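Pasting the structures in now, so scroll down.
Two complexes are shown next, each including chain A; its partner changes from chain B in the first to chain C in the second.
So, the complex of A and B:
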């Protein structure tokens, strides 16, 4: 992963951000609404939830398809990918990359997303039911296939292409350099940022659009997550969506999905300053590590990938844990995952366990899945600028194993600008990105 | 089986095409060519056909017109090395009378045929379908009607 010597690496700065979340599209505004107690969760409108146990999630505004560069993009791109391209365009423009004189082959793009977005297959669900013999455990795939082909517009095949976001993003913005689409569950977005950082740091690109996109509010992902027990039980009497996702709390029993997208423009620091770009922050280090097993295989042990990813990121950043100001965790209210992450953080923070503010915004913003790392990075930069660490909404009391972590249900003060963003996949991969805002508000 | 052709076919076809190509309805005139005037690409034809099938509850099997035009004509009389031959052109003119007569030219390649398609062509196809469909024109005697095998095509 890291081939060049640390001393040879180029400085990587952040010069633009484009976002779309249920709480808005500007990092500072999202944080303001989050601090004010607003919640992302509403009744799902993107599909009919009649008969479903899950009726609440976080939906952002519909993407404005008229802003897409080609009028026909709107019919080929699904909701996730259209939102992604638009957010990337916003970041590109915010960084004034359209005015910069970079060679197209020195511009890169890295996207973190799920695999195929299945929302557009929702109309097939009645067909599945029609051809299924639930009692007998059989499915008439031949009959289903014939009717399926007549029901769905063949152009849907294009919508289901997995890497449309990076394809259309690069085409739209004339990006011809390094690019990739990472599909690594919840780690995807942070991985994209980390790889973008490394591409610039190692001299493979001058500027990179990197981020994550997630649109988990569709029946297939919702059902899968519900079936796996990842979602908070929305059928309990007195269910209140705003209180359902309780990261790192001893009563945590699941999460709530939210769709979100965030892209950051990462740029060679020297070149960015030379062109007079506004520097929003700096990316200092990245680490990613596998654990070789899913959370379910070792539910009460630390996520060792977090420890190793932290170590790699700190080494790259040539810094120590003493400089760390805050950690934006992955905590989503899924008890096992939060516990494993928290146990790993105890190992990472060591003597500074009670000093470094630790938080998760998912209690109010929702589980943004593959977009989590990019969304948290954008919010962390805004948080550092404001000198605050967001409250961990709905957190009250940690499980005994996590006592000592500096979690709080209220906003905490940031004392040092270096901030870590942690992203974890429940299937055993962890990543850490270290960032520092340009103007810490202390 | 024929049925009465609705009077609003042209408008509904224009709406379908406008929606498919993401253009304003006003831009879609009956004499607009899909490729040159409205920017359609090959994939859009597939989309438009699907949408028309749903809008009018008809079936338009792939390459139906071409298969009907070929019929039992010897292949070389229909096209040679991709170039439409006079008999082939004559047959296509019968099947797609909406194409501007001036648009047919010598040496026209079969693959260029879609470039001649105007909105009126689709209005005509839909109207004929609603009126009973293209006459079955079987190039393979006793064809079973499988639209993917050529031969008999199914009228809606």
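So, the complex of A and C:
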């Protein structure tokens, strides 16, 4: 059944971007540095890696806590959430929303966020150890709780809240309308953008800050991912971090994590133009679909959620695959995930398989996890402006099942501005967002 | 506009492991709070909560091969979903790609046995790195999924072959209210014909409860746990932690009618707003929740005068209840309307991220049975004197529409409105 009321939807445009990645904080500059081959990776400095097999990741600059409207919040916010609030403020200012005359309850905020860092539990761990009877496998919860309550600061608890980015983002920018916090692994950021788009298109908000944030360069997430086989082996002789993630390449054997955050200001097109805002692009469709199984259940089959999400997004956008100019994929260098996505893209593109440039920026930027969709959308808008599709760094030869996809290790030309961004979780959900250049005067 | 009805409800709560058991006991004014049995909280500032007892996950509720990925809250959610899906009879009547999942989830909590196992042999001086390495050495990758917020939605998708839209939301106490509201939008929009929506949470964990004790948010009435959750009563001193889940099957109205489904009620409207105030407080003017209530009614095309019952957020915390009552006063009483108001948290405690699912279910059941459940322990209120509280005993009443408020820690508010199944609610 087709989506209802398509013709009544309001146009949604992008008027501001705020982001933070290991390659910088401006989309065009990030793309330039990406294409210049600059490295996003370095030895991890955020925690001691002694004894660990994983020593390299992408780290961005430390958030400047002095920029927070209320500096006391710097004590509550962890690195991820502080970066989020600052990126949201940057996007808000770039869009000049502070000068716009929107009612606070017509402004919204949607965040795609990673889950609570176990690292934030650090202050509790000595207490856990103190009250654990390891030999007997017992835990003295009564004594633990008493000491916990007597010795720890309540700020520890506030730091653990998973909705801090939306909480402190809305407080800092006095956003009082629609809001939510999505926790859907790699799909989170794109889900937030999709919900923001729909809220404006359907008249529930006039402007929305939407994006994703992830700080996977944290010992638990690194170790967990390494153990699950998602990270490229950094112990092999001659390991080069810049070559670690090889999206869609037949030699891919894992990814490399990067922390990143990106927020976009989405706005009613009519209202944005009326106030003279700079239009960076349009969002014109969104789809999300479950796959009913994890990648591990069908490692050599297509991720059919991608196909359904594409169909939903295309229907919303009232467009067809013939108009599609490029696809920014989820490809991270995790072989099974990339294969399943690529097989799905074969189904989506059909006769246009060899015509539509397909890319992933994770080879050069790293796997930005929950932030991926928002980071790729920001870069896609820069690509639309420049008429280019980024190279897929470290890609050389696809596995035989993916032969035919228009992947390239060099920059490709964007011939049609309609661009799709794909995000997917290895546990069975995929999302697609469609963006294009803004049509003057629409 | 496509209309959305409720065709299935499943509940796991401290007052019962099924929808009807829970509802009957809530209407009867039973109270679930009692001393903690799942771990030793001797000497704690608070040593009671509302626990789900005698629970066992039915094998058919979970997808095969994922037993190690199911924590306590997820188990509640899966079980509630089984009851809701069975109740709706929708299986076999909806295409997989037209069935979606939208859930609100909690922060999760590692239980003591896991903590002890994980901490064994670590260097406390360098605890976090060593703990992480310990995890790596234990080859325990199931722990990753077991405690990830997204897992419940994935497992529901696997179990019910739900290939449509999928959402996992955490906005504290507003989580499942938002999940249901976004599911409503999804069906209206045409993204799905059926959505399995709701939430699950469990505060029956050492770290979770200790954290809320540290914040001073929970009642300390250790000498009389059953009297501890007393929303809107002047003696209230904090919420009572709880656990459980509720899932509803939302269905496009024509789809439901064509297959002859039993309809509990129509999900009419959803409003969500942000306070943009403080992480732990509400603004004194109640503006966020006022706007959420007004938006939900407007969204559903519902006259405020047709809202005959409000299931308040009513946490039993001093500030929340006073401001929420004032907000209800402004939206309803000041306009000449006097809906019945109660907080069922007085019976089952605060299910945090699952509260929206449970309380929306109670609204639907109140519309079905034409009865407003009571606010237990409400002796004397110090909140607005003009709010029409249902105190101590359930009240049979004509209920055309019921409204549920959810006010999240962190400032997110969600309000849902449900109307009687046969009503002409003016949705165009």
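A few remarks follow.
We take it that the second predicted complex is superposed on the first by the 398 of 442 C-alpha atoms of A that agree within 3 Å, B and C clash if a C-alpha of one lies under 4 Å from a C-alpha of the other, contacts with A are read in each partner's own complex, and residues count from 1 in each chain.
Here is the rule we go by: contacts are C-beta pairs under 8 Å (C-beta built on N, C-alpha and C of every residue); 3 or more make two chains touch, one makes a residue touch a chain.
Computed from a predicted model, the values in this text were never measured in an experiment.
Between chain B and chain C, more residues of chain A are touched by C.
When the two complexes are overlaid on their common chain A, residue A:158 makes contact with chain B and with chain C alike.
Contacts of A:304 after superposition on the shared chain: chain C is touched, whereas chain B is not. Of the two partner chains, neither chain B nor chain C is touched by A:242.
In the overlay built on the shared chain, the residue A:75 is in contact with chain B alone; chain C does not reach it.
Of the two partner chains placed around the shared chain by superposition, neither chain B nor chain C is touched by A:29. By the touch criterion defined above, A:355 lies against neither chain B nor chain C after alignment on the C-alpha atoms of chain A. On chain A, the surface touched by chain B in one complex and the surface touched by chain C in the other have residues 154, 158 in common. The part of chain B that touches chain A in the complex is made up of residues 20-23, 39, 43-44, 46-47, 50-51.
By the touch criterion given at the top, residues 1-2, 39-45, 96-98, 100-101, 105, 107-108, 112-113, 115-117, 119-122, 124, 126-129, 131-133, 135-136, 139, 141, 143-145, 148-151, 153-154, 157-158, 161-172, 178, 182, 185, 188-191, 193, 206-207, 209-216, 272-280, 287-288, 291, 408-412 of chain C touch chain A in their complex. Against chain B, in their complex, chain A makes its touches with residues 71-72, 74-75, 153-155, 158.
Of all residues in chain A, only 1-5, 47-52, 76, 104-105, 108-109, 115-116, 118-119, 121-122, 124-126, 128-130, 132-134, 137-142, 144-146, 148-149, 152, 154, 156-158, 160-164, 166-168, 170-171, 173-185, 191, 195, 198, 202, 219-220, 222-224, 226-228, 287-294, 304-305, 308, 312, 425, 427-429 touch chain C in the complex they form.
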